[in-house]
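The following blocks contain the structures, represented as structure tokens.
In what comes next, chain A is part of two complexes: it sits with chain B in the first one and with chain C in the second one.
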Partner chain A sequence: MKYEATIGLETHIMQKTASKMFCACKYEYGAAPNTHVCPVCLGYPGALPVMNEKAIELCCKAGLLLGCEINPCSKWDRKNYFYPDMAKNYQITQADEPLCLGGELEVDVDGEMKTFTLERIHQEENAAKNTHVAGASLVDYNRAGTALMEIVSNPCMHSSADALAYLVALKQIMEYGGISDCNPEKGQIRSDVNVSVRPVGQEELGSKVEIKNMNSFAFIQQAIEYEIDRQTDLLEAGGAVVQETRGFDSDRGETFSQRTKENAHDYRYFPEPDLMPVKISAEQVEQWRSELPELPAQRRERYVKELSLPEYDAGVLTADKIISDYFDEIIMKADHPKLVSNLVMGKGMSWMNEIGQAEYLSIMTPAVTGEVVGLVAKKVISNNAMNELVDILVERKGGDPKAIVEEKGMAQVSNDSALEGWADEAIAANPKPVEEYKAGNTASINFLMGQVMKASRGKANPGAVMQVLKQKLDG
Partner chain B sequence: MSEAKEGMDVGYVAHLARIDLTEEETALFQGQLDQVLHYVEQLDELDVGDVEPTAHAIPVYNVLRKDEVGQSLDHADVIANAPAATDGEVRVPKIIDQ
Partner chain C sequence: MADLHKLTIAELSEKLAAGECTSVEVVNDVLASIDTTDGKVGAYLTIDRNSALEQAKAADGARTAGKELPLLGIPVAIKDLLNVKGQPCTCSSKILEGYTAPYDATVIAKLREAGAVLLGRVNMDEFAMGSSTENAALGKTSNPWNSDHVPGGSSGGSAACVAADEAIAALGSDTGGSIRQPAAFCGCVGVKPTYGRVSRYGLTAFASSLDQIGPLAKTVKDSAILLEVLCGHDKMDSSSIDMEVPAFGRNLSDDTSLAGMKLGLPKEYFVEGMDPEVEKAVRDAVGHCKSLGAEIVDVSLPHSKYAIAVYYIIATAEASANLARFDGIRYGLRIDGKNPLELYGKTRAAGFGAEVKRRVILGTYVLSSGYYDAYYKRAQKVRTLIRNDFTEAFKQCDAILAPVTPTPAYKLGEKTDDPLKMYLDDILTTPVNLAGNCALSLPCGFSSTGLPIGLQIIGDSFAEETILKVGHAYEQTTEWHKQKPGL
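Our next item is the complex of A and B:
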């Protein structure tokens, strides 16, 4: 029998707000523990939550970017559970009336365009961070109450490749939209993954297994692959899959059963009496829609159509919004998109890998990079010299490109007298290739050209050299 | 709520709320809460099919605040209220069930 997997993702994304969801405490990653807390996010009796309007706006904009319908009236609920990461013993969330409904994401999965549909996006508050030590757990409430939204996909994916492509696209859109920085190390994007397997042709879905709270895309992929294999093996052997929550052991690349307490999922949701519902008018939705930024797919199209960049370059440059914004800023100053693209994708990215993106961008600012590209465009330096110039600038942590070109004597030589001298020498010293060229083997001129380039120590302008040689040999 | 019709299992709800009840207490509260639920059940006699559900008794919406950072509590005060602390973090009994 053939089996197929069905996968759904619940992705939690921390929004880019200055303050928390329901109180004015600062949202800051890496602050000293329990320094951004107050009676509201510590759940002191009598403290009352007040909604952060920016978070509501960001959640709705995320929805608009993903083609959701904005719920004209949404409300808040309490999800009750006992766990020290939520001091008030409930999490404020949205159960039956979330801010955003439906939606979809069009994704390129290994060259095939697929559409993955969403069920909803709801707004909620984040939980505190727990650290487990010998004999105790430690809690830092700085993260408790920060703005968190949950994007729930339909069970519409069928492979780990689908899920990975969906997550990569989702992350990209959230970054472009200014909704979230989506830094997995800072826990700003985490997913719960639901996986089930059923015989092909069977209508109802198989029993699903939930793997909770994973931030690494690579681990998510591994966990899905492991689960599909495990469940398929179970079914093939005539067994049944137990509906349960499983954890992922990244060292072994395996999922494992997590014993959950009896009734652990009875959260007893009820309407949050401390918060009023949110009404969003059609005018407000249109206002937000008009403020949406250019998305990666639109940007790729602009690069190809307006800047005449190859599809490949457009894909690489737009993969990271920071790089793409940087590229846009350079071409505003320097024009010559293909030259800029070559620099950024070549030397730029290799240096970014070596010294870090932030460091590289602070040295090779759009102004400096624009100047370097300008030197190449005006044929002051060759492409090779451009790479060397970038190396020097990065190694010196900055500098004036023109001054370095002068200091290092990197300028191309195009003036005829110097070139003619080298050309004459090359012709005199290499009678054989000269003869061959004159006999009709035009490729022999390349050898002579190489000799001239060598004599100029790479500084001769290749186009000009070719011209001088031809004049001398043909004339 | 469908709960009223099915009746309420006080023992189960007490467990969810982490309240320890003796058998006598459970029986006592079971009777009392059943009475309350039956009383509220009278509402089922009304046809509310045309009434829009409300999340709140008063029609107030969009109580929002600007995304501005305000004052947080002093760290020493926070820790003074904690059951125990280590390195500025609140220390609790080890959480086994993740």
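Our next item is the complex of A and C:
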């Protein structure tokens, strides 16, 4: 018998808000423990939650970017469970009336376009961070109550490749939309993965296993693959999959049982009496829609259609929003998109790999890069000299491009008498290629061109050289 | 002694303004009264004498500097579930022993702004769960009229201290009758404002959708003055209503005519088993209102009989979540265990009293998977029917007259073994909390054994002005509120 896997993801994303979900405390990653806390996020007696409107806006905008319907009246619920990471021992979340309903994501999975549908997006508050040390557990409530939204996909994926492509696309959209920085190391994007396996052709889904709270995409991929194999083996051996929650041991690359269905929490959801329902008008939704930023796919299209960049360049440049924003800023100053693209994708990316993106961008600011590109565009320096110039700028951690060009004598030579002299020398010294050219083998001119460039020690303007050579040979 | 502690807010404000006394003298009189009688009454859990006198001194200074504030220099007692920065806030529970509030509740900030002197913290049923102040872990309070009897609850300390002239006024909270019932038992005036009128920020929550803070005072006029200070929108409480607050105190007219006013009499509120003396006192009060010009009409609140059942489902469900935070991790009592679960279990077993445990268990049960629809969801539906009853009734009348309790204050220990019996006493007060509208309790007579009897005046949502007007007219033309217990 053949088996197929079904996968659904519940992805928690920390939104970029100035303050927490229900109080005015700010969130700052890496701050000293328990320094951004107040009676509300510490669950003190008498403290009450007040909704963060920016978080609602970001959650709805995320929904609009993903094609969700915005719920005109959503509500809050309490999810009850005892654990020290939740100060009130209940989490304020949305059970049956989330902010965003439906939605979908079109994703390129190894060259095949697939559409993955969403069930919902709801808003909630984050838990505190527990650290377990010998003989004790420490709780840092700085993260407690920060704005967290949960994007729930339908069980519509069938392989780890599907899930990975979905997550990469989701992360990219959230970054582009300004919804979240989605930094996995900072726990800004975490997923619970649901995996089940059933015989091909069977209508109902197999027993579901949930693997909780994973932030590494690589581990998610590994966990899914392990689970599909484990469940398939079980079924093939005539066994049954137990519905349960499992953890992932990244050292062994295996999942392990944590909690079975019988021991599942009863969260005793009920409507949160301290908060009013969230009402969102159609006008508000349209306002938010009009503020939506350009998404990667739209940007790629613009690069190809309006800037005439090759598809390949457009794909590479838009993969990272920071790079793409950087690129956009340079072309606003310098125009010449293809030249800029060559610089960014060539020298730029190689230096970013070496010294780090932030460092590179702080040296080769859009202004400096624009100036460098301008020098090339105005034919002051050659393409080769441009690369050399970038190297010098990075090595010196900045500087004035023009001054360096002068200092290093990098300006290319376009003046006719010098070029003509070199051209005459090349023609005189190489009769064979000259003959071949005249006989119709036009490619032979490239050899003569190389000779002129060599004679000029790379400073000759190749276009001008070509013109002079042609004039002399054709005339 | 000038007997300043026996005066009302209105009377003292006049004297203070006229320079006939100082706030320090008032506070000293009240402190002396506490020294004399609180051994018998037991209203106070903590009194901060130095702070009270300092606040009084500051108030006197402000007055000399020309300040005029609605409660300037008036000493007020605080129910022990309201957070006052730097003070304990035990909610009469062992689980909050050692906790010091890090912030002021909004109503406390409002009292301070109005110039009031915060006198001390008064006893209550643990986490406001009870009707007799007998479920109190840290003190025992008696009825000032007869120390063998309960003061009512849960704001028993608030009512007792006002009735005993151990405070000029007090703050209480009303979730199912917790202001009105002790006011009735102790012979003072209490107001349960419309839900959303007063910010709950800083009120340790029992049942969030029902809790309201309100005044307990010696007269309707005083209640109106205090209520005016307490009300108003607060951005820290999402359930607080953003609407203008009428000048309840300043606008209260001394005109005693009720001509043109229709007062409803709900047949369902004269329940079986009601004490005949209570029924008579209330019916006499209805007759009195008629004599002041009011038209009396019969109204029906048919779903009132379900109020107790609905109340004890919704209130306990909310309480089970609200009280989950008392876990020994961040503040208050902690009894260590091998793991978090054991720590929670031991702490909560030792920290909560029997009634609190009973309600937390009940609330947990009604929210449990498989029972939610049958209990909580159904209760919410019936709650809507109860609210609709009032909406219908207020189409026919301006306010409703009713008893507050089926009997006068019962004896200490009389009902402690039978919680269900005690729950049933809330039958006349809980419908108002479930519907969210407002009500007032004021003295309308005494039993043959000398215990006060209360009249309840129920108003529509945001109709506090109406019930205050009726109460003020009744009070000005009767003498009940002038009676003092023989302490």
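Just so we're on the same page, the second predicted complex is superposed on the first by the 428 of 475 C-alpha atoms of A that agree within 3 Å, B and C clash if a C-alpha of one lies under 4 Å from a C-alpha of the other, contacts with A are read in each partner's own complex, and residues count from 1 in each chain.
Here, a contact is a pair of C-beta atoms (placed from the backbone, for glycine too) under 8 Å apart; a residue touches a chain by one contact, two chains touch by 3 or more.
Just so you know, these numbers come straight off a predicted model, no measurement behind them.
Participant: Is A:78 in contact with chain B, with chain C, with both, or with neither (first, second, both, neither)?
Facilitator: Touch status of A:78: second partner only.
Participant: Going by the contact rule set out at the top, does A:35 touch chain B (first), chain C (second), both, or neither?
Facilitator: It touches chain B, and chain C stays clear.
Participant: Once the structures are superposed on A, label A:164 by its partner contacts, choosing first (chain B), second (chain C), both or neither.
Facilitator: In the superposition, A:164 contacts neither chain B nor chain C.
Participant: Using the touch definition from the top, say if A:60 reaches chain B (first), chain C (second), both or neither.
Facilitator: It touches nothing on chain B or chain C.
Participant: Determine, under the contact definition given at the top, whether A:275 touches first (chain B), second (chain C), both, or neither.
Facilitator: both
Participant: Looking at the overlay, what does A:5 touch: chain B (first), chain C (second), both, or neither?
Facilitator: After superposing on A, A:5 lies clear of both chain B and chain C.
Participant: Looking at A:118 after the superposition, I want to know if it touches chain B, chain C, both of them or none. Which is it: first, second, both, neither?
Facilitator: A:118 contacts neither chain B nor chain C.
Participant: Identify the partner contact of A:43: answer first if only chain B is touched, second if only chain C is, both if each is, neither if none is.
Facilitator: second
Participant: Can A:138 be said to touch chain B (first), chain C (second), both, or neither?
Facilitator: first
Participant: Taking the stated contact definition, name every residue in chain A that is touched by chain B in one complex and by chain C in the other, in rising order.
Facilitator: In chain A, positions 39, 42, 50-51, 80, 82-84, 137, 139, 266, 268, 273, 275-276 sit in both the chain B and chain C interfaces.
Participant: In the complex, go through chain B and note every residue touching chain A.
Facilitator: Within the complex, chain B contacts chain A at residues 12, 15-16, 18, 55-56, 60-73, 75, 78-79, 81, 84, 86-95, 97-98.
Participant: Which stretch or stretches of chain A touch chain B in the complex?
Facilitator: Chain A residues touching chain B: 17-19, 23-26, 32-39, 42, 50-56, 73, 75-76, 80, 82-84, 97, 130-133, 135-141, 247, 258-261, 263-264, 266, 268, 271, 273, 275-279.
Participant: Contact residues on chain C for chain A in the complex?
Facilitator: Where chain C meets chain A, its residues are 81-83, 89, 91, 96, 99, 101-103, 105, 200-205, 207-209, 235-239, 317-318, 320-321, 324-327, 329-331, 340-341, 344, 364, 367-369, 372, 376.
Participant: Residue numbers of chain A touching chain C in their complex, please.
Facilitator: Counting only chain A, the residues touching chain C are 39, 42-51, 78, 80, 82-84, 87-90, 137, 139, 266, 268-270, 273-276.
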